[in-house]
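Some structures to go through are shown next.
Each of the next two complexes has chain A plus one other chain: chain B in the first, chain C in the second.
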Partner chain A sequence: MLLLKLAIRNIFRQRRRSLLTALSMSGGYVLCAISFSVSEGSYNNAIRFFTLDHTGHVQIHKGNYLRRPKLHKTIDDPAALSETLDNNDNIEHHTLRVFAPALAYSDTDNTQVNVIGVDPTREKRTSRLAKKVTSGNYISDKVNPDSYYSAMIGTGIATSLNISIGDELILISQGADGSVANDIYIVGAIVGNKDSLDKSSVFLPLDAAQEFLSMQGKIHEVAILLKDESKSREFAASLQKQLPELSIDPWQIVEETFYMTMQADQQGMQAMLFIIIFIVFIGVLNTILMSVLERTREFGVLKAIGTRPKTIVSLITLETALLSMMSFFVGLVFAIPIIAWFAFVGIELPEPVDFGGVQLRFFTGEISTYVFATPLAWIMFFALLVCIPAGIRAGRILPTQAMGSH
Partner chain B sequence: MTPVITTRDICRYFGDDEDILVKAVDHVSIDIEPGEFTAVIGPSGSGKTTLLHLIGGLDNPTSGIVELSGTNIAQMSAAELSDFRRDHIGFIFQAYNLIPVLSAEENIEYIMLLQGIDAATRKQRVHNMLAQVGLDGLGRRRPNKLSGGQQQRVAIARAMASRPDIILADEPTANLDSRTGIALLDVMRELNEEHKMTFVFSTHDEKIMSRATRLIHMHDGEIEKDERK
Partner chain C sequence: MKRILSLASCIFLALLSQTCLSDQRAIKIIDDVENLYRGESSKATLTMIIETPQYQRTMKMEAKSKGTENAFYRILAPKKDRGISTLKLDEEMWNFFPKINKVIKVPPSMMMGSWMGSDFTNDDLVKQTTLTEEYDLTLNETDELYTIVLVPKQQTITVWGKIDYVINKQHMVPVAQNFYDDDDELIRKMEFTEIREIAGRMVPTSLTMKPLNKEGHKTIVIYDTLEFDPPDVNQKVFTLRNLKSRF
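Coming up: the complex of A and B.
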């Protein structure tokens, strides 16, 4: 207790210097916490938009469909699988999909397209597909009075084929049974814009797509939205044990390139912040060494009257740790409102950024324990690190020499 | 009676070159009995302070043996020496050397805290020591709010509170006026008689010397004369 009292009083002994040191540490903390918030915010936004756009948090396929998609690599009993997933408490929603390349024709033109069959109701809950409709109406699994299913097409197709809402779209492909698949659909909606990932996609109701591709109720993919997106890896691993005959992958595997790029970017950011904190602590080291130098005589006396070298090292460490904690609390006072503003208001971008057809209008931050605790952990780490040379110096002081110094 | 302090042929030389070798303490052998009130006297540079430092384990002799209560302190590690000083030696310095951020009470309490003495005993001893050195009511003051004489009284209380075997005082009155210095020596003498604690102090003040029961005269690092009263 007396050691703590001694440490606190030593901090307040040189008020101005302690204040300046604390401010530099607080500044470093605030800078780091904001940077973490903004970077985490951007990454999480990107992940959120990416996963909600089409990937989901976890996907289920048959075999190696994810790496080598083939029409015949199907999940054969989607109804039973769907029931299993509906009963899983960790799952918010899931949707079923089929995929196939096809040729699309209008009266005058043709182009290559990706046919995506989706369950209209489930897809609306699981992805942002419904929100990406720029004109027309979201697809329905009902046929129109002329017995045609409606299709949603990307803007690229609308431009290439020069068609719009209400026009006919002819699709030709190969069926799963080897037959030639062809059918006519009515364009019900246009999806996204010219830069969207969906610009060459044709979205059909799942039943219509299965019928078109002769898939007899089979599907290629299940996309799952979890209640807790951070548990995607654990959830995928646990579901994999439950469904060993299928391949279950978290979004980090499904979108591996995106994930790796994001990780590399995040590590680069952390390295930069680490350097900033390191520079701040060179200044702190200087202050602590100066303080030890000024108190050489006092440390000499403490040693002379029976204080062990390690107790002196503990005293210096305690002083630095206390100063760091005080700096942290001061920093927190400034960091909380700034981070809260970034998280709840954010910066409105002058031009909206298109992200897979989704318009990002705000640049927002993240408010979480990680954002506040990580810079604190770094500050404490560096604070204890700078105590080593200062402590060694103080611990080695010879009482007779020290007491002769002023 | 077994001496509480024994030095055998101790030397402390500074400098490596023979031409500039300073023999601060040169072949000094002394025995100090328990309860003695010994003054080491001599002019400045005679080796008084160095001798006290060697006895107190604050410095290592170039050669020779220092034994305190039968223990050769030269064979101790830094931590062992710290513990030994804490438990067996009380120091009073010329410049008081109190911890500036601690109050008088806390300065006195500090060594007892290192010794692991319980809070109640510490408080009781602090109270008693302050009364004995005549500083009742000034315990909460920090050193900068005390006069030189008062600070030195706190230093005496600090040195004695841990109940050491020996108290070493290096020119304890040098920074005080003669009246305060003599008063302080009287306090030390009373404590010596009351607690039978061994005091060894250096001085070159003749008025102070008169209070000692033994005088060790030093000159150029050597003992010139050793007289008991």
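Coming up: the complex of A and C.
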């Protein structure tokens, strides 16, 4: 208690020096917290873009379909699987899909397309597909009066085949039974824009796609949206135990390239933040060392009256810890409004960035305990680290020499 | 010296004519055997059974041919594929899909592609007839079999390095065709079995195509009926107009 009193008194005795040290520390804290917030924010935005756009948080496939997709690697009983998933409390929604490459024809032109069969109702809840419809109506699993199914096409197909809503779209592909899959669909909607990932995709209702590919109720992929997105790895692992015959992967595996790039980028960002913190604390080290040097006589007296080196080290450490806690609170006062503004308003981009039909208009931050606590931990760690050389110097000092110095 | 020279040239000429003769015989044998299924013109109903590790599929179809240049195939069953037709004129090929009412020409790049998901390639349907023109033939024979080794001529465009054509001497019917790649490795095997007498000719009525590089794949073609020179097979059958006609 005496030590605490002494520490507080020491801090306030040299107001100007303490203020400068505290300012450099709170400045460092604010800078770090904002950088953390913005970097987390942009990563989480990108993750959300991928997972909510089409990937989902967890995906289910048969065998190694994810790495080597083949028409015959199918999940054969999707109805039972769907029921299991519907009864799982961790799952928000899920959707069923089939995929196949195909050739698309209009009267005059042809082009290569990716056919994606989706369950219209489930897909709407799980991915952004319905929101990406730029004109026309979202697909339904009902046939029109002439008994044609409707299809949604990417803008790339609309342009290269020169077709639009209401026109016929002819698809030819290989069926799962080796037959030549061929059928006519009516274009019901255009999806995304010319830069979208879906620009050469044809979306068909699941039933129509299964019929087209002679797949008889089988599917290739289940995409799952979880209630808690941070639990994707754990959830995938536990579901894998429940369904050992299927392959269950979290989005980190499904979008592996993206995830790896993001991780590398994040590590680079962390290295930069580390440098910022390091520079701040070289300054802090300087001030603390200076204060120890200035107080050499004082420590000499303390030692002369019998204070143990340990107590002197504790005193210096306590002073620094107190000072950094104070700086943290001051920093927090400045950081909270700035981060809140980044999180809730963000910087409006002069040109909206388009991610496959999803427009990103704002450069936003993230507000979370992680964003505030991590820089605090770093600051405390560094502050205590710089105490070590200063403390050792003060603790080792000889009273006679110390009191003789100016 | 003169005598030796004339003797040598005699031997040389004799050898030359021998090889020419054997070539001529080989060409004749293959032509005879190839004409077996065709006659001047023919009409057949076939059952094609395609087996793969993933699926098995049975198709019924009708095949018509005239000479070596013209052929017409139409799928009769299953219902989903009914009416899908293929027309071959010389070395060109078209497919017709009634559901989408579209004729699609098979491009040269797709010639080695599978025909309707079977182990036969489009090329098999088109090129089979030109074996004697595009390959150099060597005839080997045993008591029961002729084995003709076909090596592509320099200018021939093909994926095969060599084809063995094995023929039963007694009935003059094919027994097997073995297809090798450029490294002399056996890639696929076609076997002819179930020899029956049809219209006075002995004809193997079952063909099995087995690609050896694809495990578990096999295509069997069974001749359910075969008629030679039927009255309804004429030049009109082998037209794009007929290809597109509904039936």
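The rule is short, and it goes like this: the second predicted complex is superposed on the first by the 405 of 406 C-alpha atoms of A that agree within 3 Å, B and C clash if a C-alpha of one lies under 4 Å from a C-alpha of the other, contacts with A are read in each partner's own complex, and residues count from 1 in each chain.
Note that contacts are C-beta pairs under 8 Å (C-beta built on N, C-alpha and C of every residue); 3 or more make two chains touch, one makes a residue touch a chain.
Because the structure is a prediction, the values reported are computed rather than measured.
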Touched partner set for A:Tyr105, first chain B, second chain C, both or neither: second
First (chain B), second (chain C), both or neither touched by A:Leu315: neither
Chain B versus chain C as contact partner of A:Ile172, first or second or both or neither: second
Chain B versus chain C as contact partner of A:Cys32, first or second or both or neither: neither
Which superposed partner A:Ile184 touches (first chain B, second chain C, both, neither): second
Larger contact residue set on chain A - chain B or chain C: B
Touched partner set for A:His72, first chain B, second chain C, both or neither: second
Which of chain B and chain C A:Leu302 touches, first, second, both or neither: first
Residues on chain A lying within both footprints (that of chain B and that of chain C): none
Complex contacts: residues of chain C adjacent to chain A: 50, 52, 54-55, 57, 80-81, 84, 95, 97, 99-100, 102, 104, 114, 116-118
Residues of chain A defined as touching chain B within the complex: 2, 5-6, 9-10, 13, 297-298, 301-311, 398-400, 403
In the complex with chain C, residue positions of chain A that touch it: 72, 105, 170, 172, 174-180, 182-184, 214
Chain B - residues contacting chain A, complex: 53, 56, 58-59, 78-79, 82-83, 85-87, 89, 91, 93, 95, 97, 99-102, 106, 109-111, 113-114, 158, 162
